[in-house]
Structure formats: C-alpha cells, structure tokens
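Please read the structure below before turning to the comments.
Should a chain be cited, it is by its letter among A, B, C and D, assigned in written order, with residues numbered from 1 in that chain.
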Amino acid sequence: MQFQPILDEITAILQQDLQQHGPGGQVASYIPALARVPAGQIGMALRTRDGQEAVAGAGAQPFSIQSISKVFTLTLAMQKLSEEALWSRIGREPSGTAFNSLVQLEFEHGTPRNPFINAGAIAVADRLIGLFGDTACAALTAFMSDLAGEPIGYDTEVAESEASTGYRNQALANFMKSFGRIDHAVAQVLDLYFHQCALSMSCLQLARAAGYLCSDGAHPLAAGQAVMTERQTRRINALMLTCGTYDAAGEFAYRIGLPCKSGVGGGILAVVPDRLSLVVWSPALDASGNSVLGQKALELFTRRTGLSIF
Amino acid sequence: MQFQPILDEITAILQQDLQQHGPGGQVASYIPALARVPAGQIGMALRTRDGQEAVAGAGAQPFSIQSISKVFTLTLAMQKLSEEALWSRIGREPSGTAFNSLVQLEFEHGTPRNPFINAGAIAVADRLIGLFGDTACAALTAFMSDLAGEPIGYDTEVAESEASTGYRNQALANFMKSFGRIDHAVAQVLDLYFHQCALSMSCLQLARAAGYLCSDGAHPLAAGQAVMTERQTRRINALMLTCGTYDAAGEFAYRIGLPCKSGVGGGILAVVPDRLSLVVWSPALDASGNSVLGQKALELFTRRTGLSIF
Amino acid sequence: MQFQPILDEITAILQQDLQQHGPGGQVASYIPALARVPAGQIGMALRTRDGQEAVAGAGAQPFSIQSISKVFTLTLAMQKLSEEALWSRIGREPSGTAFNSLVQLEFEHGTPRNPFINAGAIAVADRLIGLFGDTACAALTAFMSDLAGEPIGYDTEVAESEASTGYRNQALANFMKSFGRIDHAVAQVLDLYFHQCALSMSCLQLARAAGYLCSDGAHPLAAGQAVMTERQTRRINALMLTCGTYDAAGEFAYRIGLPCKSGVGGGILAVVPDRLSLVVWSPALDASGNSVLGQKALELFTRRTGLSIF
Amino acid sequence: MQFQPILDEITAILQQDLQQHGPGGQVASYIPALARVPAGQIGMALRTRDGQEAVAGAGAQPFSIQSISKVFTLTLAMQKLSEEALWSRIGREPSGTAFNSLVQLEFEHGTPRNPFINAGAIAVADRLIGLFGDTACAALTAFMSDLAGEPIGYDTEVAESEASTGYRNQALANFMKSFGRIDHAVAQVLDLYFHQCALSMSCLQLARAAGYLCSDGAHPLAAGQAVMTERQTRRINALMLTCGTYDAAGEFAYRIGLPCKSGVGGGILAVVPDRLSLVVWSPALDASGNSVLGQKALELFTRRTGLSIF
C-alpha cells in the first residue's frame, strides 16, 4: 500500500474541515506554553514495519507529547524490571470514567488502575527513579533519542509550568505515598514525570520511535536489536487499546479499532500490529482530552485502508 | 493450521492439571442448577472462517451460556435498530471494577456503561421487547437456532431459578426504570433477560453461532447471507475486547489478546478476527467470574498458535 | 410562654412573604396526588409537654406526612424489638449527600446508613412485617390513631401512586434483599412502606402524636402510659437531629438547632426536648426536599423563642 | 450539682476497667511522639459556666490536642470573617464514612464537607493565613493562651513529625488547590495545620479554653468580653454534634447526646450548652479514631448527671 497519498488526502480533508467548521474543540489551557499553540494545525506521519515513511501537513513540527510519553516510560521500565517488580503496584485494567481517578486510588488503597492514567505513570516514574536515580531524566532522553535516531529533548518552559501548576499530580503522588506505594521522594518522582510530559517531538519522530510496537519489539532503526520481546510488545499494544485514551478507550476501540495513546498536546500514537506506527497531531481537544481532528484522521485512515485489529 | 491436534493437546494438559491441582476455583452457586454442575470438566470447540471445525473434551456437551448470550442479544438489537436508537441509552466504555455497578449507574443517571455488564444487557433486552413484544424469547431462540444450525432452547429450571433469586438484577432494572431508561415493564424485560442467560448450548454450537464474528458478519452457515455488516462486526469484537470479561478485560487483553465474552456458566467465547471463533468451557470460576481453566486454555491456544490481535 | 401569638405572628410573616415572593420552591411532582396540592399554604401547630396547644394557618388541614412517618415506624419497632434485633442491619450515621444512597448501600453491603433514609425505613418496615405480618398496615394506623387521639388513615390514592411509580424504592429493597438484609417478600415490605408514606395527618395531629418525644417518652394523651423509655426518646431525637432532614441535617442543626424530621409532602416535625413538639407544613420544597417556608417558620420560631438545644 | 465527686467516681471506674480489661484500643502510631504515649492513662476536667472546676486522674497532664484544635481555628476564623467569606468554600454537612474523604472532595469539586474533617480544617487554615500571614502560628497560640489563661505552646517534635509524614494531608491540600479552593501556598497552609494539631494542652486547660461554648460565647476568664456571639456559639456546638467525631457522629449523638470534638491524641471535648465544658483524655483509640475510655467516661457522665441536649 502507498501511504503518502493516503495521508495527503486525509490531511487535505481535515484542513478543509478546519476552514469550514473550525477546530471543533479547545487547546489545552492549563499552562501558557500549551495554551498559545494555534488550534488550526494538522500533522500526520507513519512508518511501516519495513521502513517506509510518509509525512503530511505539520507532521515534522515538534509538539509537546505529554501523555504519549507514558508508553515509552513503561517500555523503559519493562526492559529493566521483572513482571513482579513492575506490576505489583500498578494494575492493568481500564479506569472507567474520569471521576474515578482519586476515587479508585482510594478504594484500591493507592494502587493505580493502569500505567496510562496519571497516577499509574507517576508510579512508573517512581520505578524509574529506583533504576536511574538522579540521571532518570537524562536516561529517558537518551532512550527516546536512540529510538528516534536523532536528539530528543525537553521543552523546559513546559516542564517548569507543569511543575508550578501540577497540584492534582502533587495530590496523586502524595496520596499514593500515604499508602506506601511510592518509594522515592515525591518531588523527585514528579520532576521526572513533569519532564516526560514536556518531551518535544514531531509526528515523524514519534512514529519512528514507536516502530518497535509494530515489529514484535524490534528496534526501529538498529537492525537486529530488540527494544523488548514480542510478548511484551503485544502487551503494551493491549494496554494502549484498553487504557490509552483516557475515558474514551471503549469509544476508540469501537470506532477506530487500533491501539492508541493520546496526549493533551493534541498528539495520538496509533499502532497497526505487524504493519505500521502512525502519529497524528492537532491541538484542539474534545471533552475527554483527545484531539478532535486526530480522531477524525484515524477514523478516515482505518476506513480508507481497512486496517483494524478487529 | 490443523486445529484438532492443538485442541486435543490443550485439553490433555488441562485435564492433567485438573487431576493434579483440582479446578482452582468455584462453580457458580447462586442457583441450584448451576451449583450442581461438576467442576472437573473441560470442553473446547472452534470453527474457522472457511468452515473447518474442531472439538475436544466435553466440547459437545450443553452448558448454561449465561452472559455469553449478551453478544447475541446485542447482535439482534444492532440488526434491527439504528445506531442512535440503540446507543442513546447504553455506553460503550469499560466499567472499571465491579464495585461500580450501581455506583456508575447512579452517577451516570441510569445509563449503563456498556451492553456487556448486566445493566447494559437489561437495557438491550428492553429494546428487544420494543422490537418483538411478547415473542421476544421465541425470537431469540429462533435467532440462535438459525445461527447454530440446529434447535437451541432454554433450560427452564435455570430461567426460573434466575427469576426467583435475581434481586440484584431486579434492583438494576428498577433503578434504570427510575431514571426513565427502561421503556417496558420491569417484569417483562427481566423475563427475557433471565431466559437469555438460561440458553443451553455446547462449545461447538456456540462456536458455530459466533461464526459471523470472524467473517466480517457473514452468516456462519447460510452462504451469501449477512448477520451484520463488516463494520458492525468489528465493533462487536471491539466491545468484547474492552468490556467482555467483567472486571478482567484489561487482564484478558494483556494476557490473551483476543476479543472474549465470558459467562458464569464457565464458558468463554473468543474471536480471532478474520480467522476463527473459539469456545472453551470449564465451570470453576475465579474471583472475577471467569472460568479458571478456560483462561488457561485460551492462553495456551494463543501461545501455541501465535494468534493474537496485537 | 404563650405560643399561640407566636405561631400567628410567624404565619402572618410567611403569608406576606408568599404573596410578595411566591413559594420559593416546587411542590413534589412525582405523583399526581402530591403534584396538585396548591403551593401557597402554610400551617403550624405545637403542643407543649404539659398539654398547651396552638394552631395557626392551615394547621388543622391534613397533608401527606411522607417521610415523617419514619419516626413513628422506628418508634413502633423500638417498642417491640431488642436493640440487637433492630440495629444489627441498620446504621445510625448521617448519610452524607444524596448521591450516596445506592453507593453507600453497595459499599456497606446492603446495610442502610440510618433509619431515616428510604433504605433504612424499608429495612424498618421489613422488621415490622416480621412483628405484625399481614396486619402491619393496620397496626401502624392503630398506633398513630392512639397517639393522635383520633382515627388516622391512609390516603389510598397516594399509596397506590407511590406503588406504581416507586422504581427507586423497588431498586433499594431488591438491592438489600440481594445482600440478604431483607427477610420478607419485597412486595409485602414495600406495601407497608408505601402505605406509611401515605398517612394523612394535620400539623395538630402530628404535633399531638409526637408528644412523647418532648416528654421523655410519656404517652401524649394517656397519662401514666409510656410510648418508650426516656433513653429511647433521647436517642430518637438524636437520630432526628443527625439524620432527619435528608442531605441538609448539618444545615438544619446549624441554622435551626432542633431535632427535625421532614417529608416531601411539605411537613416538618421539630422537637424541643422536655418542652414541646412543633409541626409546620408548606408544600413547596427546596432542592434537598425540605419545605422552604417550613424551614423559615422554624428559624423564626427558634429566633423568637430562643429555644434551641445548643 | 457537685462535679468533683462525679469525675472522681468515673475515673475510678475506668481505672478499674483498665486494670481488668486493658485499654481496649490502640494509641495512634503514625508518628513516634504519639506512639510512645502510654495507653493506660485517664484524665478528666470540667468547668461550669459560673466557674466551678473539677479535675480527676491525669486531668492536668498535657497531651497533643490534635483535631480538637479545629474548634478553635474555626472560632478564630468566625471572629474575623463574614459568614460569606468563611462558608463559601466549606460545607456544613456530616461527611458520611471515612472512605469519602477524597471521594467527596472530588464530587464536590474541592469543597470540603465541613470544617472538622481534615480537608475542611486545612481550608480554615488557608483563611487564617489570609488573615494573619506569617504570624498565623503565633496568632493561634496567643488566642489559645488568652482563652486558657496561661501560656499554651506547640510540641515542636509533633509538628515536625506531622509535617514529615503527612502525605495524605499534602494530597488533600494539593487537591483542593487544584480546584482553586486554597488561596495560599500549600506549604504555608499545611505548616499552620500541622502546628495546630501539635498544640499541647491538659484537660483542664482545654475545658477552660472552651468555656465560651457553654456560655453563649462569653470569654471564659475575662468577664464581659465575648469570644463570639450567642448565635455563633450555638452554631459551633451544632457543627460539633453533627461533624465532630469523625465517622461516629451519629453514634455519639445517639449514645452520648452532647456536642463533642475528638482528636487522635485521645482527647474529647464535650459541651453541655449553658452549663459546662468537659474534657476527657485517654490515648487508646477505637477504629474510628475516638478515645475508647473517653467515650465510656462521657457515657457514664451523661448517665450519672442526666445532662444531654436531647
């Protein structure tokens, strides 16, 4: 299949949509650096298992990957830790609705539902501090740079803004700490967490970096090297499908039918197992925190290509 | 791939497991007809898209399909109703943990999370009463018989027992009714619901009946006839993956990686899209209400065959 | 203290208020018999420990006492049952907000928070069925008639309407039954519950009937006879203060400072321990289900008389 | 009434109880300074409206007043702030069960249920920072010293331990901050909160300091001076009755029938409006966090004296 024309076509449809109906949602506004990103942008990029690439629209423009980083910190933790060490304090079930965030933490005694909600990602960050200590932020950029094939860094303004306004994440981390579920100092754990959210990458860089998810764990660029095992890869894809898009995981599965992980920066990473990784970006979000046009792009893509895991 | 030897092998492994370690769980005991089913039984059956069949162990022995029926009542409703008419009162998101059952109904003003939890299936039953009125129970057996290629009926003892002890389902139905989410009389709706749970089928009959789920909606036995569209079929599979196994949907996706629907009778229906439908049965359940050995059988099957959607 | 002029004065203030600003709330509308009661009515009546009585406005007009009946069914149950038999399945704590009704029942495995929320009153009704069987409805009217000194009966239209629309109470009763917290048939228990809500009494009749609550348990009319012990009486008053006014118990304690029990018919029973029982009635309700002008009347009364337990 | 012999008698009964059955509960153990307090101690003290005092057992020995401080910080806030300024961000309803702490904060968008749960007291502390800024801790000790008639100070070891382990309070404060319900820096607000919990006072000092609660707001020691108005005083007493003893407010009202505020240091302050203030202390706690023998002492006191508000 030739993907460049497909991405071009989808991007053109959405740009027309944008001009006629506007972005259909709101850009995340809780920190200035995100609030000032223009809503009317669309980018797409994909990379197939065998290395074919396609980019369309603003697909080469860096954006704040936010929660998409949770896929990569989880990968890093799965590389280094036993199943037992990793999963003893983090669940693997969908979280139900948003209102459950602290409710569920309370009922489940500080054990987050899964690694893709904030509480779960903070718990993963705590494990990474255990592995890398003071060098955890550097270890994460090194990992991302290696996967993407070029230097990846943090947007420090975003990281600082997250830190200075992240009261809810402070609440989550302290709450888990009160249950004894966080080993390291809350400030150190959150520093890593706020940095990972501030990673700045383009659709293309993300599609490359996520290449191992569509190739049974093989490193996207370094032939013969494994990022993780085939089974681990399948399991990350399964977690993305059931838990990757906030409270809309069921809706994504129903309408798009691919493992996805979204971020409030407007990016969505999608995986067609054994075939390709695909990233879309458009900053305006719906009420669930998922990119409005990003979802449309993915629906058009699966309809146009027939690619779906179901 | 030749599936008969694979099913034989898995059944043999599990029977050995049974002899050495016992069933590893409890048979459902809330009604006598389920409580007296011997725990130490294992059955498997599958049917491929192109009609190859395999049966092993007690795969031809009828059991109470219970919640697996929710897949078929949903299918029947999707056949006859518009998207809007069906989904306006039922969600499509995973339900989180069990404790949420009534909690979530309350927060969401009587709208059940998805059609595979009890509340959601009761809401689907209400729609079927709207379509079929007094003949709904007969319409359901006719539908099942047509799919399975032979007469399928209710275990009336089970249906009566469900009705006489189903206080929680009475509570759910009345609660939804109090929010105006149920159109018909609670007693009539629950009568259908208790009957659908009491459908008695073997692994093989179920694997045949579910054949449309692995063939883009094509009728499993009647060539050229469609049970539903390709898109509808994908969507049912997506719902099964995210919501089909009570509170263990994430765990099933993570460990098994196939759309599944389980029932407290000990059956589990699994689908490999475009390939095959597979049913396992073993009555002893884990704490989530899923068959212990059924899950093992599915794990062995995906490991042995490499079949997974991820 | 001369109470007749005080009640006259308060009634006059509220009638003026009514003319200028309207009733300030909505009459209960879930059943026709309540919905058609004119909003612009005010009644008051009190009876002191030593038998002084005062009536003002529509204080002699019968209305549907609804949840005020919960005080009397609890009294009847406390008369006949041991502490253990009564309180083993009903709590004595405030219920927090309304949203908790089914949530709390679920978390607390079917044990209602207190006898003055619907679930708790249904549990009390179940105990009364245990005591009186088929004659429970008759036993309750006999008890009320004895306390009030004249025949008290049910408004059968109200009772039938409650029964035909009481889905939420059906849900509560079935839910408790599913936890094994209800001994008798749900239909029989609810029949009593719907009848008790449909008791028709005037402010004066209620103030007389509740006379034992301001006289250490002494029968209001039959000298030398006890309705309950001094300690039991104190305890009912304590329950009324902490749990008697739906989600507004804290607000009532803060602003009025008397044990109260309200009903959606618009009545509120208040007790000044050792001094008097007071009943106000005005049908328009606030969002919590308490009479708007009834609350104002009680505030004016406590401000005017200085009577408060705090 | 002569109270000294009554307190002596009750203390003797409880000391005998202690020797025969042990303390019947556990001393608070979350910080070392509380954990090492010997469980087998009992103190009582009271002061009547007209200045009569009685002390028994360890009634003159200082202990950590913990949550009893919430009565005094609320008083200080009510002195200085309008009703509107104070209550716009704090409710006045009982909180239901403990599990609700964060649940309710979440449902009610960061508004704590009442000023006597931790979240509510933290919100009050935030208001006091607004009034006193950096001198808030000093202002509180000055207030307490003035009420008690002698210098009152903080146990700095306790305050520091609270600060270093108070993850749950960190979570509550950050969570409210995330809803915009806290104006000042979380660290500054919690510093005051941890200090107020660490106030060290004896039963007698507390009974004196609370004297205004049984005398319509009159300063306990300075004749003619008011701590608050009569109405404010009644309202604090009402809040203590409905919300003062964690999840056991209903039980306290039912069994003891007096406004009470307890602390995990083992103290309980009780008020007989218009009559006297009474403080009991015994460090071993029940599951709700209330002093086991303290409750027995209060039950014996109300039974022996007949004093109850109901």
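To be clear about the criterion, a residue touches a chain if its C-beta (ideal position, glycine included) is under 8 Å from a C-beta of that chain, and two chains touch if they have at least 3 such contacts.
Going by UniProt, the chains are A, B, C, D = Glutaminase.
It should be emphasised that the depicted structure is a prediction, and the values quoted were computed from it without experimental measurement.
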Pair joined by more contacting C-beta pairs (C-D or B-C): C-D
Of all chains present, which has the mean Cα position farthest from that of chain A (Glutaminase)? C
Measure off the straight-line distance from the CA centroid of chain A (Glutaminase) to the CA centroid of chain C (Glutaminase), and report it in whole Å. 55
From the C-alpha centre of chain C (Glutaminase) to that of chain D (Glutaminase), how far is it in Å? 32
Between chain B (Glutaminase) and chain C (Glutaminase), what is the gap in Å from one C-alpha centre to the other? 47
Among the residues of chain C (Glutaminase), which ones contact at least 2 other chains? 99, 107
Footprint of chain C (Glutaminase) on chain D (Glutaminase) - complex, ascending: 91-97, 99-100, 104, 107-108, 113-114, 233-235, 237-239, 241-243, 247-251, 253-255, 257, 259, 273, 308-310
What does chain D (Glutaminase) use to touch chain A (Glutaminase) in their complex? 99, 101-103, 105-107, 167-168, 170-172, 174-175, 177-178, 186
